[in-house]
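This is the structure, below, for whatever I ask next.
Order as written gives the chain letters A, B, C, D and E; numbering starts at 1 within each chain.
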Amino acid sequence: MGARIITKPVNAVRRFLPSSVLGRNLLAVLVALIAVVLVLELTTPFRNAQLATMSYYAIAAVGLTVLTGLNGQISLGHGALMAVGAYTTALLLGEDAVPFPVAMLAAALVTALAGVLVGAAASRLHGPYLAGATLALAVGVPGLAIYFDGLLGGEQGLPVSSPRAPDWFADALYFLSANDMSSAKYLAYLGWATLLLVMLLLANLMASRFGRVWRAVRDDEVAAELAGLRLGRLRVLAFVVSAACAGLAGSVLAMVVRLAAPSGFTIVLSLSLLTAVVVGGLGSLGGALLGSALLVFLPPAVTNLGTSAGLTGVQAAQLAPFVYGVVLIVVILVAPGGVMGLLRRLWRAGTTTSSDQGGTR
Amino acid sequence: GGRPGEGDGEGGGASDVGVTADTIKIGAHFPLTGVAAPGYSEIPTGTKAYFDYVNANGGVHGRKIEYVYKDDAYNPTNTSQVVNELVLQEEIFAMVGGLGTPTHSAVLDFLNSSGVPDLFVSSGSLLWNQPEKNPQTFGWQPDYEVEGKIIGQYLRDHLSEAKIGLFLQDDDFGDDGEKGVRAFVGDRIVAAERYAPGNTDVGPQIAALQASGADVVVGFNVPSYTALSQLTSMRLNYGPQWIYSNVGSDPALVGSLLNRFSEGKVTDASVLDGVITTEYLPGVEEKDNPWTRLWQRVWDEHGGQGELTNYRIYGMSEAYTFVQALQAAGPEPTRAGLVEALEKIGPELTGPALVPYRYSADSHAGLSGVKVVRIKGAGTEDLSPVLVTGNGDTEITEHTAEHAPPPPNGIPDMKPVG
Amino acid sequence: MTLPDTSETRFADAGSAPPPLFTATGVTVRFGGLTALDTVSLAARPHEVHGVIGPNGAGKTTLFNVCCGFVEPDEGVLRWRGDPVGGLRPHQLAGMGIARTLQGLGLFAGLTVLENVMVGADRFRRTGFGSALLALPRSAGDERRLRERAMAAMAELGLADAASAMPASLPYPVRKRVAFARALAADPELLLLDEPASGLGAADIAELGELVRGLASRMSVVLVDHHMDLVMAVCDHITVLDFGRIVARGTPAEVKDDPAVIDAYLGEEADRSGDHG
Amino acid sequence: MADGGRDRELDIRGLTTRYGPVTALDGVSVLARPGEVTAVLGANGAGKTTLLRTVSGLVKGSDGAVLLGGRDLAGAPAETIARAGVAHVPEGRGVITELTVEENLRLGELLGSARRGKADKNERLASVYGMFPPLAQRRRQVANSLSGGERQMLVIGRALLSEPEVLLLDEPSLGLAPRVVAQIFGLIRDLVDRERITVLLVEQNARSALSIADTGFVLNLGRVVASDDAEALAADAELRHAYLGF
Amino acid sequence: MQQFLNITLGGLSQGAIYAAFALALVLIWRATRIINFAQGAMAMFTTYLALAVIESGQSYWVGFAVALAGGLVLGAIVERVIMRRVEGGPELNAVIVTLGLFIGLQALAAIIFGATFQSFPAPFGLRGFTFGELTVAFTPFSVFIIGSVLVVMLALVALFRFTDLGLRMRASAFSQEVSRLLGVRVGRMLTIGWAFAAVVGSLAGLLIAGGNLVHPAYMDAIIVYGFVAAVLGGLDSPAGAVAGGLIIGLALSYVSGYLGSELVTLAALAILVAVLLIRPKGLFSKIAERRV
């Protein structure tokens, strides 16, 4: 088998990797960062803009995959948490603007706080009851913006003045690639830097005790409780972590879209996040990334196909959701573990022969 | 490290993005899917039909107009994405007719900072008229305040005893309209009920209007809510004089929606009979109007499936205005030139609309007025002359100029300016 | 109501044993109309294996559940080292030094064997959320310590090779030992075992018996099981429940011949199977 | 599905079952005769449960035949096999915990009356309640509230209600008090003698299983390593030592 | 007073609609332990079917029958072809598949039937009953709605409580393996569950559409409120679904009429959270669960 041959070099490479969690994760982030710079510098401004969009979906999705994949709590309401982050950002980047990193931090904090509330309620609920409550959250929270239209701008929302690239940054990249810094590209850098930071922190958590006990709580509540784990607290903590990510995602969204408006946080957004996470492969950061890419790149690709196949604009537009729906179904039917599950299965099919899984008797 | 100055010459000659020797590409965003799609998704089909018609007749300055419209599902997040796509990937020359207040707000900054002309937003919000801040953006339809004012004056002069109720969409649309109405009859408003778009149960709102004793209800709402409010008041046997803003009253659409409830005892087509509304474009029902005849011809030749509707006429009318602007921009159009030309020709611009445009160097507001009409059978009868006004305290005046018919070939003939 | 303390004192005086580590006194539990436990008392002494037996539905698991805080007794007091513990919650047990295995397996299916056992050792963690988030060296040190504890517990049960296996891939007796190791990793002073022998073959049961006897030198054990060979072989004291009441207590030998026990629980052939071992 | 009377033998021939790369059964042949209890013994992981699951159709064997009165059931869906009269008391979790005790029993009874025509269902329910008094008191309770042993009683009672021709018992003594084990074994023996049904009994506790069995098969690593009269097996010290642990 | 009465009556008929939808969810939940997010889209589809029939000149009732029959077939097909493969697997996978179905069906409907508003007839009058001077917001059609919902509820209670089929369906939902061992044709039960649920869903779709406007997304709001109603009632209980539907319908009507319609969605959230915090498994759930 082909994969068997490559395990040796892989093992050899593994030996050179740093042994500490932090070291390994940092190295991965560094590699990813280089990839991001390369991709952003080599692609068109339009792709940059799409990548910026993907970054906020992905930030929310990695947070959600921790909540749902690791801790087993389903949330159909992450869009609402993104709204909290987006509005916080919009308010802070309004009239007397604070520096945007401060706004982002504040967005994460405020949303985390909201996450404490939601998480505390959610920690008592299970399965469809949790789904129902979070679904209501998704449709309910945007209503707040309409009710407090004086502060939050009602249906129209709040405009956001997105940050411009500081000169040193633009210069540095020009020096590297001789490309100009468009605003789309800068926002993409911002989004991806945030995403990588979030992924670093989440990867740290997943490799730590928290990753383990969250999964334990997911798998068997009773046994977890007997081992001294406080179910409620751990659930709330998972919710808070995931909410903070959603808040950051909302913040990036607000800056990329330049607007925080209720119709940007419909139930469709919440459901899309969940589908992204599951299609990519529940519980895996890479899977969340893949799922977000699908969310951003699939619909326009399909619409374009439709248009070039001679469909009218309206039909082509409907084709995208149609294909998206079909893809969702097919992925789950064909690869119930999502794309990551599929990859892992392929990988394992190649490697098990070489490792000694003889069983212990 | 030293590098060439940024900003690709916004005023310079480099801005003929999207223009080739024989084509010019423009774009728009519309809700083609989702809750807002019904009705509004027809607008770009009208626009496209008219552009095809123009193209078939030689285009503008020899260039064919390529019109790309994309779906945003009425979600501002998507709008920002598809507009990115239009501007950065499709490299459109200008945005024409992008629809919706919250949606278009999301791309206002982007379009303006990228120097993309943003013409004729399909919405009557006041936001599009900020030439200082958003020099590229122009409104098109009469804004809701102007319409509200004219309705308010009508109420003051002709229904002077009535207690007035308002039925408002809970956003700028309702707010701007309310502002206009209140300016004239604020003291007689006994109830202002708002509905949240998406919540189709308007029973409580109508019940409250009924309880307030309003004998006239002014609705600033979209067409589906006109139908819903009519159905609900029928249920309650509540029969005030209804006045709907132009956006919500499309008699053809609403009438066809309502008259199908045959077994629901709404048999005759006259459900909307007697309802008051406003007009600024000749509609499908005015079969003899030369403009309508033109639109019918265009639709028959270049339309896709379906009938000509008022939404399609709306789209064609915007397209017509755009052709005028493009002609005025001259044989070598630039983005800056287009904006400049529109500002210049604004005052003398005529077309399918009954009223003049307000475009100038310091106004990007669209049409300046409406006439008040009563729906009668399939058509309408005028209740007021064509009235024009502006925002704020501007007087309402009569617009007496004759509405010119379209040119025989159906294509405007604006002379290049400057 | 009978005086709950009488039976307790009788047993407290019975030997010159050290004071009990954990006592449940006068515990009554009702589920609707059903009285699952009726003024039951139990004392767990250091270095002693205490057996609880009785017919199905007698209330054994319920008694464990009371001791663990899963069921709140309608009446009765729990004491840990003599101090009353009111409103006990299950997650407090580990911190107090009490561990329990479940009647089923209760393994975390998505965790490797090592991780399963590390969860058991979780009470020895020292660092918090912040250091985990930033993957500070402190957090890594913490992990190392937990891993060492877990490995020690696994080594004791012969599970060292299975560290990276998923529980589902293991034979049943091995899985049973994983659950055991997880309980031991908490380094408990009191170990509650609910049917540890169920589903095991004779050889495994014998091995289990030795293990439990060995543990008694370190901790106090309370054991519920229906395998009389095991119970009779490892217990110092036995409490017999029937219909939620205590019908007999004493040493294995005393209990085995108690007619009430034979009648309610062991049945006719009881002594024959008890002899073997 | 009127399958004629009872009194049919279960003839398992060369059954092979794989879980991915693991071969759990490797050409196992077992003959279980009506009116007899046939014990299947072996250490943990020998393949006993797999044998029963393959016979009842819960897992698909890759090879071999399962003949019930001459009809090959191998590969048929589990519900068809159940309707043909094979009742499987699974290892551990066999109750539907969300249903009440009585609903669980009614499911067995439904199968029984489908197979045997309408008998008096209340009477038959009552007979099970008579066998297991704890169930009678809890008939309206959700099975989730039952103790481990009570659940086991429920599953066995339910299987009996389905009027089986072949009864597959996977460790029926699991979690039961010694007295109840004796009672159940007695009951099975009675049933076999009276109704001449065919019983395949899987047990860890080889000694007590052999005490009621007529014949026995010993499995090891998915193969039959010995088969004989129950008494002969129990007397074979070497075998006992190597595979049966007593 | 009249306003209060009208708001109340309006809330009741709206609530009955939520209840109808919630009943479909409860049915499918009891029969397969899946929350069918595509319920609304399926109902929308069959409603368009009815509309096509009615527009071709047939009577309302022919269209009605066609929609229900269409639901039966659609439900069965969806179960057979798609859901079969995720039943009994991870809960979330089923959720995602139904979401995919929801998105796909809605788009398909827009492609086939167009994304425009269409009016849908009602079989009975849409004018409120009049008592002397007073007209109340209660029409013959409202009577029909409430009547149908009650009939469906009673039918479901009877199905699950008194019939063997109901027992088999529930058993299959809880444990496929054990059910199969008991000779239950699990596949058939699940198909029947989906088919029945789709019929009830289609009925809900018709009731909502009657005397109203339809477009491919017209069920969206109902999905949310219907789901909230079902959860409120406790998902397992048909009576709970109806109670939940009425509670939501009334409460939202009052909020909309007296506090402002922008608060409606928030109110739904508040009610749900308040109820679930006190009873985490809904109003009609049986508690006392044994964990160990």
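Just so it is clear, a residue touches a chain if its C-beta (ideal position, glycine included) is under 8 Å from a C-beta of that chain, and two chains touch if they have at least 3 such contacts.
Here the structure is a predicted model, which means the values were calculated and not measured.
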* So which has more C-beta pairs touching, D-E or C-E? -> D-E
* Asked: Quick one: which chain's Cα centre is the longest way from subunit C's?
  -> B
* Between subunit C and subunit D, what is the separation of their C-alpha centroids in Å? -> 31
* Structure fact -> Here the gap between subunit B and subunit D, centre to centre from mean Cα coordinates and rounded to Å, is 76
* Structure fact -> subunit A to subunit B, mean C-alpha position gap in Å, rounds to 38
* Which positions in subunit D touch two or more other chains at once? -> 45, 145
* By residue number and range, which residues of subunit B touch two or more other chains? -> 32-33, 37, 41, 170, 196
* List, in ascending order, every residue of subunit E touching at least 2 other chains. => 107, 110, 115, 220, 260, 262, 264-265, 288, 291-292
* Structure fact -> Chain-chain contacts, ordered by label, are A-B, A-C, A-E, B-E, C-D, C-E, D-E
* Of all residues in subunit E, those that touch subunit D in their complex -> 164, 167-168, 170-171, 174-175, 177-186, 286, 288-290
* To do: Within their complex, state which residues of subunit E touch subunit C.
  => 288, 291-292
* Structure fact -> As the complex stands, subunit C meets subunit E at residues 31-32, 61, 64-65, 68, 70, 102-103
* Structure fact -> Residue positions on subunit A within touch of subunit C in the complex are 20-22, 25, 201, 204-205, 207-210, 212-213, 215-216, 218-220, 222-231, 237, 357, 359-361
* **Contact footprint of subunit A on subunit B as seen in their complex** => 1, 3, 6, 32-33, 37, 41, 44-45, 48, 69-71, 73-77, 80-82, 84-85, 88-89, 101-103, 105-110, 113, 125, 127, 170-172, 175, 196-197, 304
